[in-house]
Amino acid sequence: MMNTTPRLPFLQPLLSLSLLIIIWQVLASTLNTVVLPSPLLVFDALIAALSSGELQHHLGITLYRLAISFFIAMLLGTAIGVALGRHQKTNAFFDSWLVILLNIPALVTIILCYIWFGLIETAAIFAVVVNKLPNVIVTIREGARNLDEELLEMAEAYQFGPLKTLSQVILPQLYPYIMASARTGLALIWKIVLVVELLGRSDGMGYQIHLFFQLFDITSIMAYTVSFIIIIQLIEMMVLQPLDKKSQRWK
Amino acid sequence: MMNTTPRLPFLQPLLSLSLLIIIWQVLASTLNTVVLPSPLLVFDALIAALSSGELQHHLGITLYRLAISFFIAMLLGTAIGVALGRHQKTNAFFDSWLVILLNIPALVTIILCYIWFGLIETAAIFAVVVNKLPNVIVTIREGARNLDEELLEMAEAYQFGPLKTLSQVILPQLYPYIMASARTGLALIWKIVLVVELLGRSDGMGYQIHLFFQLFDITSIMAYTVSFIIIIQLIEMMVLQPLDKKSQRWK
Amino acid sequence: MNTLNIDIKSKAFTTADKHTVTVIEDLQFKLSNNEFVCIIGPSGCGKTSLLNIIAGLDKRFSGSVSLSEAGTQFKTSYIFQNPRLLPWRTVLENIQLASNEQANNDTKIIQLLQRLGLADSLNSYPHHLSLGMQRRVALARGFYRESDILLMDEPLVSLDPPTARKARTLLIELWQQQARNVLFVTHDLDEAIELADRLIFISSSPSHVVADIKVDIARGERSAKNIEQFKQQLSSQRTDIAHLM
Amino acid sequence: MNTLNIDIKSKAFTTADKHTVTVIEDLQFKLSNNEFVCIIGPSGCGKTSLLNIIAGLDKRFSGSVSLSEAGTQFKTSYIFQNPRLLPWRTVLENIQLASNEQANNDTKIIQLLQRLGLADSLNSYPHHLSLGMQRRVALARGFYRESDILLMDEPLVSLDPPTARKARTLLIELWQQQARNVLFVTHDLDEAIELADRLIFISSSPSHVVADIKVDIARGERSAKNIEQFKQQLSSQRTDIAHLM
Amino acid sequence: ASTPNEIRISVLQFGTINWTLQTILQNQLDTKNGFSLKIQALASSQASKIALQADAADMIAADWTWVARQRGNTADYLFAAYSSSAGSLMVPAQSTITSIDDLANKKLGIAGGALDKNWLLLRALALKNGQDLDQQVKKVFAAPPLLNQLIQQGELDALINFWHYSARLKAKGYREIIGLHDIIRQLGVNKTVPILGYVFRQQWADKQAHTINAFLTASRQASDLLCSSEQHWQAILPLTRTNDPSTQQLLRKNYCAGRVSHFQQADIQAISDIYAILANGPGGDKLLGSVKQLDTKLFWSGKPH
């Protein structure tokens, strides 16, 4: 694989986004339905939502929930995933728990959390974590099962100890799995947060989007979605991609 | 990692499931709320749903949708993931499309699909695929970025050609990523199918579960969930784990 | 095969901290008439880089690797410095996969493996073999494949002397049966003199050819004594390359 | 360090098709008094398996590896048959990580690397080095770490003769500075005679010790000539192990 | 795209409209009135709105507030009144709350989110009394069934929910503080207006006016059957999804009370007045869009436009 770094790192995304917007515009004007508003309409709605300050409020709250549950789920999930991936017996025992946790409908966990904890913030965040956690575990577990045994032997022979082995030998090898988890995880958590907010919060993007949905106001839904995607795209460009580059330096 | 195969492969899951059911029973009887029905109640509801034939009908339809969209998403996602992981330029161009696709709320894609195609089966399946696809792509892409360059060079020197390289060199290395995708994917698709069925189908588990939710009939929701989890657990034990064992034979 | 012209003006690598290091500079030689050529040079001088370029794996260099008859293609077999077997394929499958024939001649593969002392490991996976055994499988893979040029990057290290001896005999035999050009990288001068038609000595990097020496002992007469004598002669006559021996 | 008793009753592997293959059977020897012992045996006989057992990496064998003074622990340095460097760490970091000291002595590391001809590669990543260079880094890593026993699995293959010579000198020097037991696996009898106090010859698998020979040439006098003479003598006296040379 | 005289209608499986529709089918009121009815049961009211958009249904059920808003977006929907059943504000039997003035600092559950018409009208009424509920109560927005559960767990002090959820609470002994129609009356509109109706495209209606009128007749006949005949009521009883006789009775009572027999100019006027109250009240602009004046053309007049 070539490691050619493009001279203008922002040119490519810009071009590709423009193309996407053009496709969107063409589709919108040929179909001409309320369901697919044109980019301009959405942009107007976005500006309106911004200038009323509403968007910032809800976006902020959702991002806050997203951030907390993301970090909890990633940390916990990586720890459990490594443990299960390395200890076949523990895994054989807990595997079915994991299958169950993975496949309980979000609806069920969310309702249970709300009923048990009440309609409070903790319940919402807990519900999101419960929904994301098994995905992280399963992905990291696959990675932990496929570690390079030669390097692990080296670490053992040189008596690295558990901490050094984890940080210097295991985690670097899990990097692609962690990144896959993080990238799909941000998206998944965002989708779960939407449902969590819909079912029992009085603020946040999910709450708002559902209000718009009741009014069938697709334009506003799109505007809110666009604002969120911009944030994620920024995280991708400012955090994840530089991280990729840094951690792949040795290749 | 030890490769000790337990003599009774079904004993472990059985034990762990029993433990889970005991915990559930204890929780249910101490809390004593409609929200957490006891295992026995859920079992009764399950039997009732089975004997009325309703469960089989809805479960069958949901599994059918799940199977089709799962295979489409996995095949397409693996292909695109490998392409993006191996071609940095293509990836730089399409990366933001992927971010967008990942982060469009399921609600939006589902509505758009239904509006465009009508409330038909194709729309439902397409909507599910659109929601799952980017997850597969992102995971496989990480794998494709981290292929062993030495083996790829070997394949090139020995003129394997694209097909043989893919099947003999690339796919075996992607195996853990594909399994991570498959395991989290079944769960994700199931969750999306629930929403897809809620928003525009007159059958399937999602449709049923939401009806039960409106009546706050948690027992029936649990019964339906349990039936689905049993299916997935069977897939795990009959298909995925033997596949794991077979493909890891060489270790 | 017609003459292969190797003319590498420069091969450079970029290091992690963005420096450019020139590894090969103005390295030229020719291969023709199904010659067996050994390449000798210090560790890190660019031998593997050179083989990679010739095998077409590395295209980012300035210069050319070309045939005298333009337009013709050549097929390479490459025995890498480490085995590079597919871990998820058995010994037999690994060798079969590398062949460009439609139908595999399993008897031939088994014969090859037998002569390399691997008759029992036909259906083993590489992870279940010792490193020396893996290297021998890689040898068999390279030998089995029909090709116009055989590249070998220190193929016989990690083998015990009797096994290495057998492998050398086999190599020469196969090369005489299916004539082709061979480029053989080694650090072992004895081995080189025993095998080669020509010895090419390479300087440390940025590397170029410092000596191109014909081994003029007849193939039948390469006894330990004669090899020792040739070596003595070489080191006394060519003091300029004494530091490479 | 007190005496290390190696007594392996049996070491077996299970292959992919569920067969059990016994690789080592009744292999015993002792290590004491900071000896330098070379192990010689055919490829695939179980030398690496033996070192893994001694290093404590493989616990699934019957028999024991024990110290004469029970209860004491020993620290190993292990130079594997392939480099096994952490790809995401630079040369310097790889060596630092392997040390069990609290504070690293970078000057010492740099000195070591310099003597191995790697002064320029301090901050390179392993992937950017040639295989021979990677092996030298692994050497430096093993040498740098303080330990009671140094295990080396064919550490000097893939090195050109001058570099290998330098590495041998360095090894002996370090061993004399920081006395410890050394187990050195090699296929090169010359090298073994030059380095060792004792040569242990091992049969093909299921392997056991077939000869345990003291090298009685004083360390100052191990010239090429004396080594050659020792070899001659050995092969004429011990015809039972001629097939291993 | 449907065959002549056919109506494809998408409704909630357990919604009250489905009681009526099932009765039509069970008694062949559709063929008797000269049309054929095809019911597509869906699991959420949003799903039926998608169905209408996707042209997978000719007719759905919705509030006139939603229709008004959609007309603002150039969707040419029409509304034919069906029921005036409406939600109410409920409290536990032993609660100290006796009027909306007592709501201050209480935990109030609100179904349907911040733009629910029940909530907006309640706020308008409170504002008229000099109280800003939006500031003064602890609002809890959540899904309707979840709210019903939460108030039974004592997590809420009061709850505004949709009418069939309120009815279930009432059957359990919960007390109604005020219903939507009382709120409207106190706001100065002295008429019980329909809330829910059948909604369809104008384009379709222009071609199917006769069928629609036949359908509306059948719908009224079916409702009357349900309220007058015990046998017919028993036939749809499973659709109420409750085994408790008192809840069943309450549901039936409310259902029958909500029937709309005549829809006249006076109703349109009253709805216009309510619309004006909503539009000028808090949150109204969001619910109804920028249109401050009800477009009275949205009501089905019985003939093509």
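By written order: A, B, C, D and E. Residues from 1 in each chain.
One rule holds in what follows: a contact is a pair of C-beta atoms (placed from the backbone, for glycine too) under 8 Å apart; a residue touches a chain by one contact, two chains touch by 3 or more.
Note that the coordinates shown come from a computational prediction; the quantities given were computed from them, not determined experimentally.
The pair of chains sharing the greatest count of C-beta contacts is A-B. Among the remaining chains, E is positioned farthest from chain D, on the basis of C-alpha centroids. Distance between chain D and chain E, defined via averaged C-alpha coordinates, is recorded as 85 Å.
The distance from the centre of chain B to the centre of chain C, with each centre set as the mean of the Cα atoms, comes to 49 Å. Touching two or more other chains at once are residues 33, 35, 111, 115, 213, 249-250 of chain A. Residue numbers of chain E whose C-beta contacts span two or more other chains: 46, 53, 143, 146, 149, 153. Residue positions 16, 82, 125 of chain D each touch two or more of the other chains. On the side of chain A, the complex with chain E involves touching residues 33-35, 111, 114-115, 118-119, 198-202, 207, 210-211, 213-217.
Looking at the complex, you find that chain B touches chain A at residues 1-4, 6, 12-13, 15-17, 20, 33, 35-36, 86, 88, 92-97, 99-100, 102-108, 111-112, 115-116, 134-135, 138-139, 141-143, 145-146, 149, 176-177, 179-180, 183-184, 186-188, 190-191, 194, 209-210, 213, 218, 221-222, 225, 228-229, 232-233, 236, 248. Of all residues in chain D, only 13, 15-17, 40-44, 46-48, 81-82, 117, 123-125, 128-133, 136, 154, 157-164, 187, 189, 243-245 touch chain C in the complex they form. Within the complex formed with chain A, the residues of chain E that make contact are 46, 49, 53, 66, 69-70, 73-75, 112-115, 139-143, 146, 149-150, 153, 155, 286-287. Chain D contributes residues 52, 55-57, 75-78, 80, 82, 84, 86-89, 97-98, 100, 125-127, 141, 145 to its touches with chain A in the complex.
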